[in-house]
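Below are two complexes that have chain A in common, paired first with chain B and then with chain C.
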Partner chain A sequence: MKLSKNKGAVSVSATKRKMKIRNDINGWLFLLPTVIMLYILIWRPTVLGAVWSFFKMHAYTVGDFIGLDNFKMVINHSRFWQMMSNTLMYVFWSLVIGFLPPAIIAIMINEVVYFKQSTRILIYVPTIIPGIVAYLMWTYIYAPDNTGLLNMLLSKIGIAPYEWLNDAKFTIAGLNIQSAWKNMGSAMLLYYACLQGASIELYEAAILDGAGMFRRAWTVTRPALSATLLLNFVNQIISVFQALDAPLVMTGGGPNGASANLGFQLYQYAFNSGGRGTGQAMALGVIIFVVLLVATLFYFWINKRIEDSY
Partner chain B sequence: MFKKFKDKPAGLLSHSDLRTVKGQTVHWIFVAILFVFSLIAIVPTIWVVMTAFKDTQEIYSGFTFFPQDMSWNRIVTRISESWAILRLGGTIVDTLFKSIGDVAFTLVFCGFAGYALSKLKPIGHKVVFTLVVWTMMMPTQIRMVPNYMTMLHFPFAYDWGGVNLLNTYWPLWLNQACASYTIILFKNNFDALSTSYVEAARIDGCSDAGIFFRIMLPLSVPIVMYVSIGALQVAWADYFNPLIYLTDNITLPLKLLRMKNDPTVRMNTYFMGLIFGTIPPLIIFLICQRHILGGITVGGVKG
Partner chain C sequence: MNTNLKRVLAVMLCLVMSVTLFVGCGKDTSDKDEQGRTMITVGNYPAEGTPKRETFDARLAAYNAANPDVAVTPLEWSFDLKAFYSQAAGGQLPTVFNANFTEVNPAAQAGYAADLTKVLKKRGYDGQFNQQILDALSPDGKIYSFPISSYIVGLWCNIDLFEKAGLMQEDGTPMQPKTWDELAQFAVKIKEATGKAGIVMASNSNVGGWLFTPLAWSYGVEFMKQNEDGTYTATFNSPEAAAALQFVKDLKWKYDVLPADTLVDNNKKFQLFATGEAAMFLDAGDSAPRLLQYDMDINDMGVMALPAGPAKHVTLLGGYTYMMPSNATDDQLDAAVRWIETEYKSKVDDVVKETKTKDIETQVADGQLVGIKSMSVWSNDSEFVKWNNALIDKYTNINPNHVKLYNEFVANCPAEIRPEERICAQELYGILDNCIQEVWSDKNADVVKVLEKANSDFQNDYLNNF
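And then the complex of A and B:
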């Protein structure tokens, strides 16, 4: 009796182990293709990019170890610090122009009774337009002669045409207006979804307590949005810091380098230097990587501080 | 007068506020501001459409917003004229082929990986998941040159033989296989589906592939729709990867970018090209409007 019980227990655990192994094999069959691609296209090139930044590159083949020469060449580029400050200006303007308006629009759409659905759809229109088409149409909107939309509107009220993107002081802000226009709809939709999470009971309780409109906005609406706002804040900084599409498509880095940022320069090193700049491209990649790593760690630190304070 | 005010649920403006003049004023100020933003959102788009239907002389002399002649006849001639000049037919077919490949790779690779990470949990899945999360936050530019070199002699980073994938759609498709954000989306979706489905099916003798295709996939239609729509829109608009990897059979966004500097293509014809490039995503949007604007309810069962 006893023996047979033990036997049964052994065989059960044996089948269990067998099932576990079978499950592991099946699981890895599902997982392996993606893991291999992640290895070949993301993990390995990231490490190799860091390693190769210390090597002399002959176009797209690796040469000898040269220490920090690539980094020196990147930093000694006559425009390096201008491009660094341009990159920070991109981040600054994208936050000023594009960060809060979608949240405010979402709050307003959530509150209005009339024209709710129609404004929601209209504001979403730019998001449907493919990114490249949006860039190209805005280069024409900013056209320096009267064929451009903005100058056409100015000429109607009798103001001479302005040169928009050819003005070194305006160009970065101008590119950020374009991206704010393009991204307004999707960000608005995200915040709108978050606002549906703010419970009506909370608002009712706040009204019973005699809270005015601003007090309700601060105590009920703000907490419903704050997590998403913080996440978007960091994501926006990280993505804008790396952005290169807008200068590449709309200005070509001009006028006179005023809209060139680090990402744009990296692209030039990598693919527009006749193969002579590939080493510098990776060195610049490492510099961007380190800056963003510091920013990300700072985000985790501040996020923890905020969570602890609640 | 404004009957809907009574049914307004409590919020920043609740029905008690809307009974007062002050509350109503705030409401209409909100509407006015939203109206301004709506104008900002659509006026550039309308301008592009209007300019596409103008005559060339009209663009360079008239400087008006609307074209002078907007008859049906004129619209048809402008469209057929531009179509003949731009010759985008082949490019659109290529771009569709490339985009559908992108979506297929995203769904298959990321869907399988998300399922394995969520339900099968093979040995080592925690490490993989942590790496995937880190991948999402990794700056992309450090790997731009190494990626290009990998595609020169795939799958090796050094020149050890291998296949040259440049000028094919494979680099673009393979890139979609490692969309880490989509893997996490799929994992979260499968996490929300009860494990008892898997157990019950396994007792009935269903294989893992069978469980995935017959049970999990039908329950995941919302997330599959959401991912496909998003991936299709990104794939259609992508110009950067084709710019790096393609020289022949370039896709529509790249073609439009190159055409900008072509002196034979006039502004009105060019704008018509931009419209042609927007029509496919617009069709997708109109068909799937509810899925996009309604937000997503990720997960099949609740509670």
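And then the complex of A and C:
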């Protein structure tokens, strides 16, 4: 009797396990196309690129092992540190211009009573404009003569035309203004959605206690947004560190390299060197990868802390 | 995760990865089809529904009739520098395709271009090509491409703005600035008369540097020299280079004849000229299609010789060529050269006549400019050159006087014709772009110091690593 009971237990457990495997396999089979594409398009090139960065590359044909030579060439490039500094400036300006304003706008929209829907739509419009169109629009907005929109406005108040992107001191900030304008809608919506999750009772209690708008924003709204704010902060650093399209389309890295960042230099090595810079492109890719890996680990650490806090 | 499940997944992933890792490795390398015909793929085939498609279809039919031993697969593939080297490494290039002269030496140095010396000799091309062009495309004495057309850099002018500035001769020929200083005076006159920029010069995306090279050569600049041990030394920290860059700087700060935007790439350059915002630009004689993209009136286009510098009169050579990948077999190379011969040959036969005539008729019907002649890729007494020039004269759709000075410049060039620098050309152009941007954005920039740094950067970042 005892034996038969044990047998039955084993049999039930085995069946359960088989069912679990079957269920999991179905799930993994659904994932398989994604895994294959990730492998072909991301994992394999990333690993091969990292390995080949230690070899002499003749365009995409692998030559002799040369150790760290490609890395030395990249780091000893006369403009490497200028480009690293520019990359950090991109990150700095993107945080200054593009990080908090969407959250502030989301809070404002949350607080207003009228035109809530239409304001939300208007702010979201730049997000649905195709990227290249947005870059071209801003090229005309920043045009340094009287045909530029900003200079037209300046001329109305009697101020001489400004050079905008042609001014080395302004160009990175200028590119970040464009990017903040383009991405503000989606970030704002994200924050706005978080605000909808904030407890109405807390707002009502705060109002009954006589808290004004700023007090409510600090004591009720801020905690509701803090998790998303923190994640967006790290996420933004990671994505802006790799920025390429804005300098490529709007300034070509100029004037005199003032807007050239590491992503732009990687592009130059890979596609504008007649196949001679492939090894350096891969080495620079590894350098950027390592920097971002640290940021990503930080991101996961923060993410876990936030998840644990709920 | 369950151990069995892990195993299943691991096996599946390993299988997938193993398969993809060896994708392409097992490619069939035979160049013959089941009927024993040599298989070739032909790039640059025009897309369905485009005006040029019909011309290519006729060319293909003629080729198939004359070459039953070859099976041709046309591909709508065209050269793209960003994809070229990876496609070449993956063995994915067509058997024969068009490229710019610029691309031949780097592709050959990377081992991706087929050596055509043997097949061209076999097919009787010894002494047929223009030797100067052949030398420019032979980095190590071997021939890696089949040149089909060639151009030299000239000076484009906007006829409407030239007329308003009184810079046209009575017969409708634009006046020719003979020196760079005279060009600056022309630009000042145009700015005063029309308020438009006298000249637009590129400064970005390597184009500024590319077009600065002939200007600098005319001041006596040499950008680099090869040492006895085979290494290279950058040599443009010279007074001649400083004078050339000073001229470029003066266009902005002394003469004030440039557009306000100092970050000008090729698109911006063509746009400003085509829309009448600038009166002159330097570029090759084949730039008309880029101007027509902005709806420029053909009658407003004019082109002439490049001005001379204080040291010499010199211009830059460029052009189009056919290339073949290094993995093509001898039979494929032979079949590919036969394909080229359906349109390009030093002697004129019925097939060439029909293809070229159809091609030029398509250009006229498509609203393209016909009337500008290119430098011959053949030796001077080639039958094809005379026949082709007569064909252009017959179908020309522009006032011939607007382009007369350039056609004369091409036909009997008084200037030295130089190919672009063979070593690290693109990198040099990028550095020169930066120099131009610096002297245009800073009125007090010291051209000597700018060039000293550029010369040192070029040496350390590129020549030392070549």
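Details
Keep in mind that, in the parts below, the second predicted complex is superposed on the first by the 256 of 310 C-alpha atoms of A that agree within 3 Å, B and C clash if a C-alpha of one lies under 4 Å from a C-alpha of the other, contacts with A are read in each partner's own complex, and residues count from 1 in each chain.
Assume a residue touches a chain if its C-beta (ideal position, glycine included) is under 8 Å from a C-beta of that chain, and two chains touch if they have at least 3 such contacts.
Values in this document were obtained by computation on a predicted structure and should not be read as measured data.
The larger set of touched chain A residues comes from B, when the choice is between chain B and chain C. In the superposition on chain A, A:203 makes contact with chain B only, while chain C stays out of contact range. Of the two partner chains placed by the overlay, chain B and chain C both lie in contact with A:40. Within the superposed three-chain model, A:286 lies in touch with chain B and out of touch with chain C [touch as defined at top].
Legend: residue contacts after superposition of the two complexes on their common chain; A:242 is shown touching chain B, with no touch to chain C. When both complexes are overlaid on chain A, the residue A:217 reaches chain B alone and has no touch with chain C.
Contacts of A:167 after superposition: chain C is touched, whereas chain B is not reached.
24-25, 28, 35, 40, 44, 60-61, 271, 278 are the residues of chain A that lie in the contact sets of both chain B and chain C, per the superposition on chain A. Those residues of chain A that touch chain C in the complex are listed here as 17, 20-21, 24-25, 28, 32, 35-36, 39-40, 44, 58-61, 73, 76-79, 143-145, 161, 163, 165-168, 251-252, 254-257, 268, 271-276, 278. For chain A in complex with chain B, the touching residues are 23-28, 30-31, 33-35, 37-38, 40-46, 48-50, 52, 57, 60-62, 101, 105, 107-115, 118-126, 128-133, 136-141, 146-147, 149, 152, 155, 181, 184-185, 189, 192-193, 198, 200, 203-204, 207, 213, 216-217, 221, 238, 242, 244-245, 249, 263, 266-267, 270-271, 278, 281-282, 284-286, 288-289, 292, 296.
Put simply, chain C touches chain A in their complex at residues 1-2, 4-5, 8-9, 12-13, 16-17, 20-21, 81-82, 85-86, 88-90, 103, 105-107, 109-112, 203-206, 259-263, 265, 424-427, 430, 433-434, 437-438, 440-441, 453, 456-457, 460-461, 465-466.
Touching chain A in their complex are the following residues of chain B: 2, 4-5, 8-14, 16-18, 26-27, 30-31, 33-35, 37-38, 40-45, 47-48, 59-60, 63, 65, 109-110, 112-113, 115-117, 120-123, 125, 128, 131-132, 135, 137-150, 152, 154-155, 157-159, 174-175, 177-178, 180, 183, 208, 212, 233, 236-237, 239-240, 244, 253, 256-257, 260, 267, 271, 274, 277-278, 281-282, 285, 293, 295.
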